[in-house]
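Could you have a look at this structure, given as structure tokens, before my questions?
Each chain gets a letter, A, B, C and D, in the order it is written, and its residues are counted from 1.
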């Protein structure tokens, strides 16, 4: 069978991982494919990508590492802040808790995740404080890290003030603050702030910056804003199977994403598609937005029959959060296709009848 | 700086990881980049790639998994065969022992590698038997697995008879046989045998088939010839950060490599370049081939001054094995550049004087 | 300072770990201290202790191992049933979740504990089924084991019917059933049933039988009712630092406990002391039993002032479960001292006024 | 069967773990068994034992922890100094390498042991330096710790000068120095020096001080001479199943051993028994001392027939080191029985004929 006979199906919004590689990442990969280059990150593309991060974050001494995927990036980051007998505070809906198959526990050799009750997946200083001070005896893992997801799995964005309040609580409690930024670009586009303002200037110690959902084939960057925390982290990546031999193909796409601002444009587009859908269905009876639409996610609650009927129209989506339909938009989301989705949803509301 | 200003340096043979992406892998990646597709391996490319492996190995029930790199593939494979209190027999020069930063120990939570004395990195039934029966008390990790590298790190190829003899010893001792095939294609090209003959028909339980050195950007396949051994292996990959979200970009290149036979052509080319160099320098005084050239590696011993002089000519190479110069050839190795290397080496021998 | 100047304080009921070594365990230790004996369990005491367990459980092929403490016994047992990417269902109040500092996660290299909502710490088939079937995708640890604590941390005892119903659910779901029997003897004394009836005849696969709280200095037994599950478990114990070199001193006390029935007498005494207290305070206003008293624990709720006043009387107790006062009785609990506690409690109720 | 019908066999010298509990440890255990006491180390015996160590080592700020056995103590200690991607230099005959079933790798989640070639199990600064500087790339675990066994497994004792030279090399290389003192008392008795001189004053960071072989039922002490290194170590012990609930029975025996000097007397007696045997057989033909007798071990080489004949006389011994017969003496070794052994050996030499 010829390669191009593998025809794709019509665009779906079940996940922002359904999107392909954006042109900027593609072009950089193509450019990086010219000739022979040193392996394991000693190539010029890797240095250039790390510099691009340091520039973007206005932090010349940031330490930058590249991992293959977000599960690994988060798990490596948390493991570097914890010993096996420590624990990590996260929201109940955090990806590290719900969708990484125990990777944080595995990479750290047993660190426990302590789940805080939250609204919309956002931790609060009070919730952190309660969990961090609830136990202080040797029979329970000592809290060492707080991890927040920005934006959250349901598409809410922490404000700068909220992040600062959390990091103040962390400092007060002797904890480190990690940010799972699988969709970091979407949060930046949403708040319109500088990456530095949302991270190290707000007290974040360690960021996992997601490239996959942003338009790359694969790849996440791990940024240590305090270089001391990065000690021997390269060994950790290597031992955990996260050091690419032909590293240029993991790093060059970042050059393509960052240097011309594609990372932010793509995220802004995805966010706009989410708002487009949300606005189109805002006033429909029978369908209800489950969360404010602040990034690239839209969650719609409806009765099971309507959800089933929407599936019957050919739409693919998950319902693992609260039973509602999740739609995630990406760099390549086609507004016409968003509109088609909105129309189908509309046709399944009483107004249509 | 425009992307294409990142000019590559002249081709080097320090590592077969210095090569870029071959045209067949590139074309498949490009084809796979059309439109929207399900994530985490539920796309058609991943199914097609797995089928291509099953066809190639003439084993319809083989279970196929894709990992990002060889360190992870080996470590996941060994961990699936071991508990933490088990041990793995390997050659002293095995990559798992010398160049994976303790990944097998990490993924398995402590399995010990037992290093056998070998010539050219090839294990023998006698060496396996000696290590496997040396200790049988509870104070030492129980041997469970033998791992062989085909071809070895110094470029030797196990014959089919040798593999069969090892697997017979393994069966006799109750051990599993794992093959690290980071350069599996080069071994196939060297022996001219069917992949099945070198693996499951010869008693190999589990193979890591290397794609990176064969011409891909990244990616190794893990093949279980006994499906029972693959139970829950998908969870293991996920937890260890080795499940790609946009899986099609890890699997489609395999379609490009396997369906048209590029995997074998590229390996044959690399092997031929190694022989070309070896033959060109065979009769030189002052330079000596350290190992028979059976795959894509050439190791040349010379005095330190000559090695230094060769570096001064602009050649990059490692000397970590026995102090000799290692040259590794890849799918893209340019025969003219091989000849240039041979000339420079020749100019550094007494004959030149 | 002479050794016997270290005078003990008056008896407290804060924990059944506050008790010393019972006469039967002491006598066996003394007898075992005669002369020279092989180490690491090759002594006659260890064989005799294992036989005593096989007799007690009417299970000649049970495999018996000895660990130093309950945290290790539970963690080793669970790790033997799980891989790192599996998960374990337990009650929210289970010791493995709340008081073992992440030992199960550590020994298993990352297995996740899934906490079921329960009343009184007792799991139900429905709760197990809900957790075991809630997720079936590769992104969440696969459920493999259910662990129950008999009696629970709050002193409730599963009936035989309840255990059988749980094990039926486990079989149906392909799960193993582990019993944390840190106070197993108290449950036997409470139900008046044979150990076999409460365990393997009811479908329990693996039991941790507590010796420490039963009257020994230290030591728990791990009983595999299915010998196949015990494969290589001795290596696991050794690697995890749980193989005693002078094993006779860990095994002989079990001979003292089991052969003459002391294990059951002591547990019966402890249970009786709990009932004695419970009955003495049953009708007091201001104090309320938080849980039915079915084993050796009494939990009493009262307002903070009264609890503080009780402490001021010299009584030591924990309030980590629901804020109430926990009293745990042991083989050596002095009924007169129980009465003294009851009197002090009575004096702090309105009736006293 | 009455408890005291379990008659011991005649004394053997196969292992110093064959000995029972010495009177001083017994008496302290008995004294500690009076009444009710707080658990988990909050009892007065545990504080007193820790103070006894601080006094003995003349180090008021030493941090002291108690583990159940030597394998756990060593593994916990090394894990506290390492991350999973670090490595530990040890001698080829070190117990951590040969007889702990991979415990160091398990507790540390994968740290590799790097084995140095040694004579008599003693590391040298040159051997340490060679291993520590041999690899500096990210593909091999970074060296972080050196562990020495004092005395070695073959009974050699490092001089103070040798320890100081090793610690100087460690400081120079940025490494920590750990001492496995399973028979620490025997080394002290041999050198006649203060414990401080052999440890922290000589640059040792962390000591595992063996109680079991010294005359206790079980128990090792872990001493951190730099309190900073002990941070959160209590959590580590708890999570690893090494926190005794009835801690007094693990700590009180140390009071009995240390306060009156029994630890040193017993070790001196054991050493004297070793010398007694060594001297008695020194001039025999056919038997040869394999190592200088500097502690409580005697290794005798002889032809297999003679070893077999000695076994036929009823003597039990191991031959796992170099094929010779190992004899280990303990606090209870009976000089008359040592003489009987010497006579039997003598009768198996040509002189006897």
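By our rule, a contact is a pair of C-beta atoms (placed from the backbone, for glycine too) under 8 Å apart; a residue touches a chain by one contact, two chains touch by 3 or more.
Chain by chain, the UniProt names read as follows: A, B, C, D = L-threonine aldolase.
What you are looking at is a predicted structure, and each value in this text was computed from that prediction instead of being measured.
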Quick note, more Cb pairs in contact for A-D or A-B? It is A-B
Of all other chains, the one whose Cα centre sits farthest from chain D (L-threonine aldolase): A
Geometric centre distance via CA averages, chain C (L-threonine aldolase)-chain A (L-threonine aldolase), whole Å: 43
Expressed in whole Å, how far the mean CA point of chain A (L-threonine aldolase) lies from that of chain D (L-threonine aldolase) is 51
Give, as an integer number of Å, the spacing between the C-alpha centres of chain B (L-threonine aldolase) and chain A (L-threonine aldolase). 33
Residues of chain A (L-threonine aldolase) touching 2+ other chains? 40, 84-85, 100-103, 106-107, 109-110, 138-139, 141, 235, 238-239, 243
Which stretch or stretches of chain D (L-threonine aldolase) touch chain C (L-threonine aldolase) in the complex? 1, 3-4, 6-12, 14-15, 17-21, 26-29, 31-40, 44-45, 48, 67-73, 75-76, 100-103, 106-107, 109, 212-213, 217-218, 235, 238-246, 249-250, 255-256, 259, 316, 332
Chain A (L-threonine aldolase) contacts chain D (L-threonine aldolase) in the complex at 40, 83-86, 109-110, 138-139, 141-142, 232, 234-236, 238-239, 243
Residues on chain A (L-threonine aldolase) engaged by chain C (L-threonine aldolase) in the complex (per definition of touch): 84-85, 87, 98-103, 105-112, 138-141
